[in-house]
């Protein structure tokens, strides 16, 4: 037990976090993925290729598709070449380069089922391979269709978090705060926050960390349409109470945040996670407003650029 | 604090609404979308194109598809033209108009993978572009397949709300009521209502608004097959108690309604929202019945035309 | 209030059922759909075509697809004919019958994007229509793909219910029972039952009906792999208590059953409903067992044929 | 009642398990599927073909697709043959073998909508069949698209369980333990465990079994990113208390485990089940650690190979 937590022996880890108290490094990356490596299985067993494909960035996903398309056509081009180009009608045999490209294009016309027919198979083997290639092509595009749908229908929360958590004046004392806002044209309702702190010592990283579920002033919000400032009041029930400066200087704090809401467009539960480590917590600052009435007073404008705007203040 | 709410200091906002007390204008549009503008990000970042595409009206969606198809084919037609039409067999070269339209049609025959073959690519570059166009075509239709599925499988509640909320006689006193009914052949079970009121002053729109969760006589209904009249009894626990005429004349009231139910066809939770502002609340009226036995007494007929029928009554 | 319920004034309708107490006829059809007609809107507004298409029986769905295919091709055949068959190459013009069928087949080859090329468009108008038809064909199959997926991925419970509910001896007294079993290779966990009774008078159908939530001995079951006999004990808290023979002879009883479970294959909540009316309730009978050990004692055999087997017994 | 359970008469089956107390053999197979056979319906009625197709191993699924493709083409080849090959242009009629393979390839070119056109239908009947085959081909690939998507988007938990459950020293006494870990790049949050024991006698398999819900030290875990050791403390409330050796020698114990969690990639609830029978429970052993800090101390390494590593220990 670190010296920070001795004073708070009455605090208990209310909910198991699934993290190891002796783990090292950040628990969650900034994007909410856990900082854990899996070993001891071969790579294929450790990968859910579907999770991988729907999680890829768009340009990587598109590149992977184009690359597969090119490679498959090159392979089939070689197969047709091996069978003999005399089994394909309409090939331009003026030189080997034209031959090969024509075979390649025949392959692509088969794979995509365009089948102009300028080049067409005539012998048994070439026809058989083409029969198989067209079939493979259709299955490949069936899979691509599924992946596209899986990618863009994947329920995501589309939340922006402030870069920093702040320790700000609040009522008579102070509170730990961060804020978040939906940044796309999706509709989140019934949003919940779970806020957990892992506290350890900076100087002795072998010390087991301790976990605390932090109470929030409002943990449930009906419609998440504006920004939401999540507030953990630092009172007697908080592990930060009377302890803030020590923790900020000599402690290792990590805040885990999980937001769960219902998205009406996806008609599904969406979850987003992030974490703040000690260096990302600012002691003595408060957020500046990020929404305001529009000029004609008929609507509210949410300024997403301002999500991390704060000013330094003195804590009492 | 407005003068309306001073009297009800014991009433508390039980659930945070996610709306700002200082916001201006209507909170929710009539169709349930929030009256908030997002600023400070570039438009692409602020749009979830999937949410946009599945939310478009059908005719706009179809038009967008057709337009994309035409534009893509025009672009490719220019590319083939630039490469040189001598690389396409079967082009009608009698005049430039025929040339261009033939190139355009070749492009469309490639993009859709019809590939009649009357016009076909022969050189390297033209073949390469066609190879790519056919691939692009298939991916485009893969995406369109996903969007179509996303659009028509999107769980929606298909509820009609009465245009007005009424303040009607109820038991010994009065109650705020509105009603709703499912209007399509879907099956909603386990329906819940959440009813929240925002109350402000008409004359001082800068005054912060206050939010109240209104209790309803029945907040949960097992099978939503007929109309459902949601009733908020105006008793001592209601912010409307002893206050109705004042509020209707000098106040700004907005009722937020959220209905959540399980749809058996979609096998999913569906949510629909709407709101009523002061002008849409009628003080002293009651709904007329909207369902009746069929003539042969063997079934019940729900008359969706009558959902907003009411008659004026005097409140005690 | 009917004379049956006078005696049970302490019983309350715990949960609103969504049905009207003055409704006539059966509330739910045997297959669980509500016995309600919607009037007052035009048919298109009242239909969710997606719910309709995924709810159609398979042979009707397939027939609808084939019919649409034929009709679309006939329409396009007429269009090409109107444009002039001289704009299509390869048409057999030996007689008008051959002409028309060739145009029809050209249309189908375009719509399905087969595009053999034996027949191909040459003029501007014919090419334009073909361009549009191929596009329409691909979108149609995109929609068909979505509908097929929507149909077979639609979460369904696949439960068989006994045809009759029984009033059987149970412990010291008697109980109302029915049973159900999953009949397909799906895996249901965490199953819940909701059992509601509507009670009215046979002789006065204008009397309002009353609704009672009936308690069940077990309302929640962890894994629904064998048959489940749902038991409502007829004790002092039951509206049937001391009243069974009267109700069976002079009353109108309808039991609504809703089963909700989690299906692991669909990874979704599934719901199935049914109802039993007075004539389907047998007073004095008990179910015969429907599962037994296999011959080698290594597994349990569930005999789905026997789900409605019962024997008459005398109630105490 | 077996002699094991007489002593624990105060223990009750808290939750109905859905299994029969008189069932024979293992209740759940190791992979979590129930050990029950369904009889009394014809095979088609008992199979949900969708559940079957999405549950098939990949190689079986692919083989089924390829086989269907070959069979369909052979059937259509015979149909075209019966109609007469003079109705197909471009057939190589040099010998019957070439004829048949050309007809077969024409069929496959139609079914996949490649339609090179080297072989094309000319008469009415052949064209009609080809029209139908292309349509059938597109619908088949529509279904295949749905099945592929259904297969790879099917929410699965991807959990590895230890092969053995252990009875290990725990605090002052002992506890029943097993462990599990996610082995793929998926993100599970909000995981719950349900642990049920079925206890019977080894020597008298006709004796009805009894079911107990076993309490676990932690039954809920926020983020399932490392291994999770589920612990059932053997105290006075446990049916194993003071009874372990007897049960292990003369009893028949089966532990049912169900893990339910939310997967962020699938955005869905996932469920996985397994069971341990007497022979898989080791009396007197404890698990060895399976995660450790990485060498650079910046991350945690989870060693999935070690999930079943334990050492023998003496229980107090």
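The first chain written gets the first letter, and so on, giving A, B, C and D; residue counts start at 1 in each chain.
One rule holds for everything that comes next: a residue touches a chain if its C-beta (ideal position, glycine included) is under 8 Å from a C-beta of that chain, and two chains touch if they have at least 3 such contacts.
Predicted model only: the values in this text are computed from it and were never measured.
Peer 1: Minimal path length between chain B and chain D through chains that touch?
Peer 2: Step count on the best path from chain B to chain D: 1.
Peer 1: Are the two sides of the chain B and chain C contact the same residues or different ones, given that same means over half of the numbers occur on both copies?
Peer 2: The interface of chain B with chain C is built from mostly unshared positions.
Peer 1: Would you identify the chain whose Cα-based centre sits farthest away from the centre of chain A?
Peer 2: Comparing chain centres, C lies farthest from chain A.
Peer 1: How far is the middle of chain A from the middle of chain C, if each middle is the mean of its Cα atoms, in Å?
Peer 2: Inter-chain centre distance comes to 38 Å.
Peer 1: For chain C versus chain D, what separation do you get between their C-alpha means, in angstrom?
Peer 2: Chain centres of chain C and chain D, defined by C-alpha means, are spaced 27 Å apart.
Peer 1: Multi-chain contacts in chain C: which residues touch at least two other chains?
Peer 2: Counting only residues that touch two or more other chains, chain C contributes 113-117, 145, 149, 268.
Peer 1: Spell out the residues on chain B that touch chain D in their complex, using ranges where they run on.
Peer 2: The touching residues are 113, 115-117, 145.
Peer 1: If we count contacts the way the header does, which residues on chain D are in touch with chain C in the complex?
Peer 2: Touching chain C: residues 15-20, 22-26, 33-41, 45-52, 54-55, 89, 110, 113-117, 120-122, 124, 127-128, 130-131, 134-135, 137-139, 142-143, 145-146, 149-150, 154-155, 194, 196, 205, 256, 258, 266, 268-271, 273 of chain D.
Peer 1: Chain A touches which residues of chain D in the complex?
Peer 2: Result: residues 65-66, 69, 73, 92, 98, 101-102, 104-105, 108-109, 112-118, 141, 144-145, 148-149, 152-153, 158, 183-187, 189, 191, 218, 220-226, 228, 262, 264-265, 267-268, 291, 293-294, 297-306 of chain D touch chain A.
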